[in-house]
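Got a structure here, written out as C-alpha cells. Questions coming.
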Amino acid sequence: MIGISNGFDGLIDGTFRALGARDVGGILPHGGTILQTRRSERFFKPEHRQAARHQAQTAGIDALVVIGGEGSMRGAHALAGLGMRVMVVPASIDNDMVGTDVSIGVDTALNTIVDAVDKLRDTASSHTRCFLVETMGRGCGYLAVVAGVVCGAEMVLVPEIESSVSEVLDAIRDAHRRGKSNAIIIVAEGAGTRIGELLKAIEETDVGFHARASRLGHIQRGGSPTAFDRMLAARLGRKAVDALLAGESDALVGLSGRTIETVPVRDIIDRQREPSLEYFEMVKVLAR
Amino acid sequence: MIGISNGFDGLIDGTFRALGARDVGGILPHGGTILQTRRSERFFKPEHRQAARHQAQTAGIDALVVIGGEGSMRGAHALAGLGMRVMVVPASIDNDMVGTDVSIGVDTALNTIVDAVDKLRDTASSHTRCFLVETMGRGCGYLAVVAGVVCGAEMVLVPEIESSVSEVLDAIRDAHRRGKSNAIIIVAEGAGTRIGELLKAIEETDVGFHARASRLGHIQRGGSPTAFDRMLAARLGRKAVDALLAGESDALVGLSGRTIETVPVRDIIDRQREPSLEYFEMVKVLAR
Amino acid sequence: MIGISNGFDGLIDGTFRALGARDVGGILPHGGTILQTRRSERFFKPEHRQAARHQAQTAGIDALVVIGGEGSMRGAHALAGLGMRVMVVPASIDNDMVGTDVSIGVDTALNTIVDAVDKLRDTASSHTRCFLVETMGRGCGYLAVVAGVVCGAEMVLVPEIESSVSEVLDAIRDAHRRGKSNAIIIVAEGAGTRIGELLKAIEETDVGFHARASRLGHIQRGGSPTAFDRMLAARLGRKAVDALLAGESDALVGLSGRTIETVPVRDIIDRQREPSLEYFEMVKVLAR
Amino acid sequence: MIGISNGFDGLIDGTFRALGARDVGGILPHGGTILQTRRSERFFKPEHRQAARHQAQTAGIDALVVIGGEGSMRGAHALAGLGMRVMVVPASIDNDMVGTDVSIGVDTALNTIVDAVDKLRDTASSHTRCFLVETMGRGCGYLAVVAGVVCGAEMVLVPEIESSVSEVLDAIRDAHRRGKSNAIIIVAEGAGTRIGELLKAIEETDVGFHARASRLGHIQRGGSPTAFDRMLAARLGRKAVDALLAGESDALVGLSGRTIETVPVRDIIDRQREPSLEYFEMVKVLAR
C-alpha cells in the first residue's frame, strides 16, 4: 500500500510513501488527513494528468483509491480514461455527490452544527432572540435542511428551493406569536438569500425578536469523526479494495440504503442530487 | 395530544396531561424523557391491562403511540388485542428489535462509547496496556460489534457468537507482536465470557500487555441526542402519526434502508435480530 | 427568594416570581438563564431607577443579587445609591471586570474556543493553511490571549497591545519556515487590526500558507457550563448571600487567588483590567 | 532537550531521544503522553537509581523535569539526593499532592465526571432513580468532593471524612421527600463505605428511589485536555525550566492562588493534603 500526499499534485510529483498497518496507528479519533491534501490546478491540464499516470505506473501502483468530493471524482475519472484502475470513496461534508446516500464527513459536520446551534439557542432563549445560522454545503442544501430538522429551526433556506425574505419574516413572526422564546433560521451558504440581507430585513421590520447572525464556517470541516462516519468509512474503504480486486474500475462506492454498492462514475458524473423536499417540509411541520 | 407519565403504570393510573406544542419547547437537546417512565409489573396482569384500556377510553384517547423497546412493543400488542389502536416507535440502545434497521438511542450510545474508548486509549497507549471494555445491549451484540469497528478494537465478544478465552488471548498477543501500543477488547454485557474472567486469564498469561477493565454502564443511556437520533426520531414520530391517521394499527414504524415503513407487530414479536456477522469479521480485518 | 425576569427591565416592571429550591431542579447542565435577561434602556433614566427601587420595596425584596457584567454592576451601584442593598456576582465571558480573577462563563467560553480551534486545525493541517480566528471579549483581550496559549497559536492580537500587520505576517512566515503544517492567529474582536485586513495582507504576500478566517461568534456565549464555572458560580453565589446577611452591600464578590472576597464597587467601577502581558509573551515562546 | 521514554525505567535503560520543537507538533489536543510511561519497580532499589543517575550523566543530561504524581516526586527527590538537578511538575488527576492548589489533569477529569454524571442524571430523572457514582482519587477525596458540588449531588463520601450508611440513606430519603426526581451520591474510590455496600443498603430500605451504581473508572484518566489544564501545564512547564536555569533544584512547581511558585520537595514529601471541608459542606447546602 502506498500513500500519496497532497492530492493529485502528489500524484504528479510522485510524493509517495509506503503505508503499513502501523502507520495508521492512533489516527482513528482524529479529523483531517495524515496524507495532506490540496486542490491541484495543474491536474486540469492533460500533460500533467499524463505525468501523474506515468508516476503511478513507475511506482508500481496498479490501482488508485481516491477519497474526496466532486472534483476528486472527476480527476479519478480522467485517470481512468488514461487506463488507470480507480475507485472513488465519497468524502465531502457537502453531501452533494450522487451515487451514495451520504458521504464521509456529513454526520460529523451535522453533529458539529447541532452542538453549535444548541449553544446559540442558550443565548437566543435567554435574550428572546432570533439567530440566523449559516451552514456550509456549496450548491447543495442537504446539510442545512437536515440541520433544520435536528436543530428545531423555524425555517431553512437552501439553494435548490426559492424562498422570499417575507416568508422568513413570517416564519419568525409566527414563532413569536406562538410564544416561543427564540427562533432559529438555518441558511445554506449557497441559498439565494444571504444572512446579511435577512438580518437587515429583520431589523427593519417588527417580527418580535431581535436577530443575530452566526456563520459556522470551517469548524464544520474538522473534529473527531462520529461513530457513523467511522463505520461508513470502514465499509466504503473495504468495498473499494474488494471491488478493485474483483476487477471493477472507474466507479464510486456508495451507501445505498443498508448496503454498500459500486456505481459507474459515468452514470453519476453530470447529475445533481435531488433536494430533500420531505425534510424541507418536515422543518415547517416541526416548527409549529 | 395527551402525554402519559410513568409508562404503562401511568396508563393504568390515568396520570395523563395535555401536551401542546409549547410543552416540548427546549427539550430537543436533552436526553431522557419529560414524561418519566418505569417498568410496570401490574401491566402483566389482564385485569390491569383492561383497566388501562378503560382509562384511555374514558380520557378520549383514540390511538396510542408507544415509544420503547421489546417490552413496550409487547405491551402495545396486548392493548391492540383489547381493541386499542396502537403504533410502536422503537427506542432502545440495545438495538435488539426486529423491524427496524436501528432504534432511537443507538447512535447516541455509540458516540458515547466512541468518546469513552478514545479516552481509555489515551491511557492504554501511554502505559502500553490492554483495555477490556464492557458495553450494554442485553442479549444483543449490535452495540458491541459496531463499537468494535469504530473504536478499532482487536476483538469483540457478543452473545450471538461463541468465542473462547484463548481466542481473546491470541488477539491481544497478536496486537502486541505487531507492535501496537495498546489493545482494546469490546465485550457485550450478554457475551458468554465476562470481563472478570478475561482479566484473570490475561493476568495469568503473558500476552505482552497488562490489562484493565472498564464497564461503561449507564452513561450509555443518557446524553444529548446526536443528529442521527434526532432525525430518526422526527421521521419515526411523524410516520407513526400518519399511519394511525391512515387507519393502521398494531404495527411498528421502522427504518428500512432509506425509508420509514410500518411492520405488523405480529410479524416481528417473537423473532430475534440476526447478528451482524459482516461487522464481526470486519473488526478482525481492521485490527491487523 | 424571588427571581426577577428580564434584567433591570423586570425590576422596573415587577416581573417577579417566587423561586423555590425545586424551581431550579435540572438546570445545572444548561447554559443561559431560566430568568431571561435583556439590556434595559429605561434603566439609564433616574425616574425608572426610582420605579425599580419602589417595585423591589413593595415586593418585600430587601437585598438584590445582580448577576452580570460591567453594565449590570453599574446598575447595581446606582440602586445602592438609592438605598438598596446589592451584591454583584461577576458573569461575563469577556473577563473585563476588575475585582475578580475570573468571571462566570470565561472557562466555558475558553473550552468552546479550544474545541473550535482544534477542529479548525484539522483542516489547517490537512491543507497546510493558516487560520485567523476571531474571539469575543469587547475591549478586553483576556479570552484571546488565553486562547492563544491553550490553542498553540503563533500570535495573538488584542485591544490593549498594538501589533502591526507585518508582525503577523512575520509570525506566519516563521511558522512556515520552521516546518509547521499550519498556523493559527487569534484576533480579539476589539483588536486594532481586524481579520479582514489581515486576510487581505496575507493573500497579497507570500507567507507560505494560504489563509482562511473564522469568526467564532455567539457559540462562545452558550453551552453546558464546565466544572470550573459551576464551582465558581456555587462559591460566588454562596458568598453573595453570606455577605448580604453579614450586612455588606454595594460590593462585588470575586475570586482572588484561592479565596472568594468582596470588593466595594466604588473601588473598581472606573478601573480597567490590566492586560495579561505574561500570557501574551508566552504565546510567542510556545510558538517557537 | 531530551525525552525519556517509559518513566524511571527509561532513565535506567537509557531509552532517550532528542526532542525538538517539531516533535511535539500536533500533540496539544491529545490526552496521554507521547513518551510512554510506566511504574518502575527497579527504581526502588539503590543500585538502579545509581544506574539511572549514571545514564543521565553519560547522555549529558544536566537537569531533569519529572512530570507525575506522588511516586514520581519521591523518585525525583531520590535522584536529587544523588546530586542530580531535578524539578517536579505535578500531574495527577487525584490532586493528592501538597505544594500546588491543583495538579495537571484534575480539571480535565472533573469535566469528564460532569459529562458522565449529566448523562446518568438523564436516566435517573426519567426513571426516578438514585445513582451511586464512584470517582477516582486514591486516598484523596478532592475529585469526589468537587464533583459533588458541580454535579449537584445529594452527598459525597470521601476517605478523609467518616460517613455512615444511614447518613447516605437519610440524604436520599430527604431528596425524595423534597420532591426531587433523582438523587446522585458521589463516592470516592478510597472512601470507607463502598458503592456495593450502599447499593445493598438502599435496596433493603425504602428510600423512595431504586438505585443503580456506576464506577466511572479509567475514562477519568484520558481525553483532550481542557483549557485550564493546557494553561496550567504551559505555566508550570515554563516555570520548571526557568527555576532550573536559575539554579533551583529538588523542588516542585505549583499553582499557589494566582501565581506559579516553587516549593522544596523536602517541605512537602511526607505531608498529606487537607480535605476540602468547605466544599464538603457546600454539597449539603446546595442539595437542599
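Each chain gets a letter, A, B, C and D, in the order it is written, and its residues are counted from 1.
Methods note: a residue touches a chain if its C-beta (ideal position, glycine included) is under 8 Å from a C-beta of that chain, and two chains touch if they have at least 3 such contacts.
As the structure is a computational prediction, the values presented were derived from the model and not from experiment.
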{"item": "Both-way neighbours, i.e. chains that touch subunit C and touch subunit A", "value": "none"}
{"item": "Most distant chain from subunit C by Cα centroid", "value": "B"}
{"item": "Averaged-CA centre spacing for the pair subunit C and subunit B, given as whole angstrom", "value": "40"}
{"item": "Centroid spacing, where centroids are CA-atom means, of subunit C and subunit D in whole angstrom", "value": "28"}
{"item": "Residues of subunit B touching at least two other chains", "value": "118, 121, 125, 181"}
{"item": "Chains grouped in pairs wherever the two touch, ordered by label", "value": "A-B, A-C, B-D, C-D"}
{"item": "In the complex with subunit B, residue positions of subunit D that touch it", "value": "30-33, 36-38, 112, 116, 118-123, 125-128, 131, 181, 212-219, 221-223"}
{"item": "Touch list for subunit C against partner subunit D, complex", "value": "21-22, 25-26, 28-29, 101, 107, 110-111, 113-114, 118, 121, 125, 146-147, 149-152, 178-181, 224, 226-228, 230-231, 234-235, 238, 256-258, 282, 285-286, 288"}
